[in-house]
């Protein structure tokens, strides 16, 4: 058999390639650049790579082709939107990550050991975090545009592996951080095993590894439905794990709490976009015609996820855990978009993902600012009276919470409205009702935090709000602005999405 | 018609007076009472002018209505702020403004030592205005406004000294019991609108000709309830006794002469309804009869002079109601008794006030006695009123009451005999308790406490008493001369056909006079010619004991309405917190509990998480399998 | 420029103006707030004069595209109903500002924040009545919870935080149910002639619904409004909120915000779901009657003057609801007029009660006594307000209450009869506090309470004037209201019952 | 022989691996179980590749091995770090984060 030289459309792959290049340069810097200059150069490279990639993406925003890389990457409107959202969120998140206060001096050192103390005194910095982030971002960019199963699997691992490591880099409470890394890794690997098996069965079902190929055999009805069933089920396990849907959610509260807050924010926002991008593509492109098989199950999972996330969040005392459960609930809401299985569903999901992602980064950005002598203060009770001490910060956090709760004039409301109407339009009333009820429950704990911050008197226990670094300020400000603008005048974005968002097969 | 414009002023003047006095505040203390009196008097003047205008015209042209402006107009529900002046309302106008003015004058001196005299006069003016609106309104809704207006004025005046808790309570009681009556009035209006499509007197009168008896009976009964509330008729009579908490002039004006007779006005005004609704009419008679005995019985046992008079008022209005219930024959007579009663009862109340004035506000008659020689004018005027009320010819009460008794007998059949004898019995009781009052106060030996220096009241006080006394002597004769009043009112009440003469006029008069003699002599024996002890004796007949307790009216209301109401309220208050709000809180707690439970699934052990994933995967497969099969 | 939009913009601009005044110049801030609200009031009155009452269509309409792809517009316009309510709102606000001159003190935050919140709230109050786009209405309906929430929680007294939260959660719950219904409408409209939120277009949609759908959507709206209005048994949030808020806040809460409920019943429940309205009328009338009696009894049992007023309002809202669903012109006009009158009589009661409480330092009825001797003017103001609350003929509320009763009686005699017993209870719940607080001997602690000062007199005088003037001459408002109510009923296909007797003949 | 038997075998291996992950405490062993699962998946792929007569399956298998190798790198790093801080590789000891 003769060998065909692969023909690649570099313009369309550029966004990903640029990020990867940035990552590699970062590795080289780690290897050769003197310690002193590392941080600045890393930061520069990273930002440069991301901005450049965004620019490159902008260049090709209107193109669409199935064979960007021999049919392994589908380049289309939806893909562009996912990638753009990921890049924007990533840039915002990098600003948080750049605040090195969050990261351990020397990841390898044993917590509490002299080694660690020396490292701290020497003011070492884990600048590796930048290339790791870039690798993860590259994976995330690839995930939602991957159009065959290999690429899908590779992308999944590519975004996961760096995250496993980054979860373990926290400067304080390192045992927790490492535990988070371990759990995330073991469970992640476990889930990806299921994912892989799913791939295998789909391959067995259709004899093809491209999404379009699978779609054809689903339409054609050829092949053994048992394999299709197993394939869909196992692949869903892998994907639902990533978005943290019940019952595959268990990792997220622990990891969210253990990981350095900046990373949590990045992971919570960006991973959701990437994973949902992939889910949407797979289910819209390949399994659309088999909806009768998976949709009811998905509906049930969505409902359970919303309700579970909201109900458990009520009882949380730690702000990061609370946000984790709220993100579980939001995963449930987003599944409504998958179930809608319509263009409006797709548009709604994209808008929701972007709005939610931005707000999430902002919220975690604020979490990094509330500290005492021993680092961040997660305990919500110690957040009481924050509104008195730093009204601006408290109000901003309140804004994000209101957005999560879906109160009008915030982006969250538009998102919620559009996604639920899409779901209801496609006939799933149960989702609408469950969504409304769980939103009511959710409102309870968002408001509880607002009450704590504004209506409770502050406890003098050294909890204070540090002056945010310029970069952090930028992140928070931008996120807040976006959240508000998308709430008051979302028309431009919605129209843009409406004109762009399409999947090609 | 040219004079029509002045109808509005009739009401506006006193209303303006009250507003000015209330807004001006202490500044008006100097001249407030004078202004109020002047305004009231000028209304009276206007009234007389209207009367003269009417006299110029033919009887059927005398009535006229004047539309001030369109008040409420929604869909077919159109009510103008319209005034109706006719032979009936003019009587009231003159009574109200006339007696009203006299009592203004009286109060100038009676209240001279009260720091809030200005406020008192403001209220009086307010009352005059409201009462005039009540009798001048051309529709039931306008009447309703005046109706509650006088209720408000009465509330304010009863509670004028509301820093005394008992008085405050009394005023509240009066208002609430009146509201029960008002409810009846609103029902009547609603039924009228729903069935007849109008609420004006003229409209209802016209529609009533084609209306079903059921409808009219309904309206009639509701109107009766309203009348009972306002006129302290059974079963809504309980408030009148306590209403004596107000300053005596108030009792004279509102709770004797005018307001309490509004019920009678309402019934006579609605004659066209009752004429067409026999059942309702019968009820009116019954209520009247019961009340006249009820009140009289209470009157026999009261030692408080004002309460005794109040009881008598109740009983006398019973007479009027009864008469009004006797149909065309009775309306005019009811009004006649109403007017004469207005004079003599007001006079006697003022007399009582004058006595209290001389006796340091002592009201217990057992502490009076032999006051006749200390306050002669009061004695004489009161005495004339007394003769009038018990019905001694030729005093006013004789004529009116005599006619009522006669009409009652002539109602025909058993009913007639029954009612007739009841009215006669009432007459005996009246004579008894009024003589008792008279004797205990003026003629029997003195039983004062120490440091009492009884003295006659100043001229401003006795002048009105004299005028009223004259009224109570003459009016009866004037009204009946050639059936003057009856004919005057005929355009309103219509001709009353010839009725069966059960007893000739002379006989009835004879019976009536005998009744008076019997009652009076018993009283004389009991109080004039035998020792009266200053403390109310305890060893008395059960009847007396009951009568002292107002025949248990209050205890009845308390045990049947108040107590259960309070209990219900307490339950509801508890229930609202525990049951209604409790349910809401329960929902919240449930959510929290569920959260706490589900939280346990987050054990922290990676292996349990992976187990969860594994199970999840299997369930998912199973689920999809089940669905697809 | 459009009159309504101007009216909505003015307060916003005012709040910006206040925002730039330094916080320490409290007096300046107050004056600014007063000036702005007065200006708005004037504009409101002018709008009233320019309103053509003969024309039953919406007037002063303006429609600007907001989110075109969802068919959402910024669309405003008024008919008789909304005009009256807007007029009430803009008249009450300056009175509230003047009456509660010192309310902002003792709050958690500065006077500045207080008045900014008030002004923002005023904008929303106007907008919520003026909106002719259901989405716009919903957005404002939900968003206006936030300023009230902070006004109660930040400046109230007693357990203000808890009260505020209860209020917010209750309302949010209702709001979410309504959101579900709105989504339903949106989807149905999409299926029948394109997505829209225009109330006129949506009022056609009931032709395309199954009766079940219509009933469910109706309930979504109605429950939301029944919570706002508050109707038994959804009223339990009100007493707490009203008692904890500052008098001014409570006036706006009871006087204006709760009217949104009854307003919505007419504007949305009836117009959008005529058949469902008919279906549920018996139930609703029953609930209304229960509210009337129940609220009255609780008011009689109340020991706190503010709670008492709140309970009386529950009774009054029962009347309003009953009048609305009686479906007669008298009932409708009566209810609309009732909304206006209740606004003013409750305002009077609450303002005076607030003065009493702030002077005495307690709102327990038992703590007062014999005020009539000490503070005659204040006592009189309370008394007149009370008389208006028990609908004394000659005062404004009598006209409306009687219209409601008559209007109900012609169609639902039993309900009307039971409701009429409310007037006896009303006498009790007003006269009991009057006796305890104003009458009787002056009790210790009240001997030297100061009487109303000039400012307070100026504030209360116009309210009294309106109460009395409208009692004798309601025509100016009725002329505006009647055509609208007639029109609404006409569209509903209702005609007033004819007089039963004369009809026969 | 019937290639489907390989599928059954693969399924069996996968199940063993999955159960192992759940029941075993030692992080290393758990990790090995995961590797077992991956290889079971590989076997499935190869089998299908045989059944379908296309090479794609085998290609995927290769990729999987590479990816698995990367996972080992990251995984062992994490496991070793936590072992050094806790002096134990039991996954149950690491349970600070809960509820």
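Going by the order they are written in, the chains are A, B, C and D; count residues from 1 in each one.
Quick note on the criterion: a contact is a pair of C-beta atoms (placed from the backbone, for glycine too) under 8 Å apart; a residue touches a chain by one contact, two chains touch by 3 or more.
None of these values were measured; they are calculated from a predicted model.
Of all chains displayed, C has the C-alpha centre closest to the centre of the whole protein C-alpha set.
Here the spacing of chain A and chain B, counted between their Cα centres, is 80 Å.
For the pair chain A and chain C, the distance between C-alpha centroids works out to 45 Å. Centre-to-centre separation between chain B and chain C, using Cα means, comes to 37 Å. Note: centroid distance chain C to chain D, computed from Cα atoms, is 66 Å. In chain A, the residues touching two or more other chains are 182-183, 186, 190, 194, 253-254, 444. For chain C, residues touching at least two other chains: there are none.
In chain D, the residues that touch at least two other chains are 18, 21, 30, 91, 94-99.
Here, these are the chain pairs in contact: A-B, A-C, A-D, B-C, B-D. Listing the residues of chain C that touch chain A in their complex gives 65-70, 108-109, 138-140, 142-143, 146, 150, 153-154, 160-161, 164-165, 168-169, 172-173, 176-177, 179-180, 183-184, 186-187, 190. Residues 107-108, 110-111, 149-150, 153-154, 157, 161, 164-165, 168, 174-176, 178-183, 185-186, 189-190, 193-194, 196-197, 199-201, 203-204, 207-209, 253-254, 257-258, 321 of chain A touch chain D in their complex.
Partner chain B is touched in their complex by these residues of chain C: 170, 232-233, 235-236, 294, 297-298, 300-302, 328-330, 333-334, 370, 372-373, 376, 380, 387, 392-394, 398-399, 402-403, 405-407, 409-410, 413, 416-417, 420-421, 423-424, 427-428, 431-432, 435, 438-442, 472-475, 478, 482, 485-486, 496-502, 504-505. Residues 7, 14, 17-18, 21, 27, 30-31, 34, 37-38, 40-41, 44-45, 47-49, 51-54, 56-57, 59-60, 63-64, 67, 70-71, 74-75, 77-79, 81-82, 84-86, 91, 94-99 of chain D touch chain A in their complex. Within the complex formed with chain C, the residues of chain B that make contact are 22, 25, 69-77, 81, 141, 144-145, 147-149, 152, 159, 162-165, 168-169, 172, 175-176, 179-180, 182-183, 186-187, 189-191, 193-198, 207, 210-212, 215, 568-570, 572-573, 576, 580-581, 583-584.
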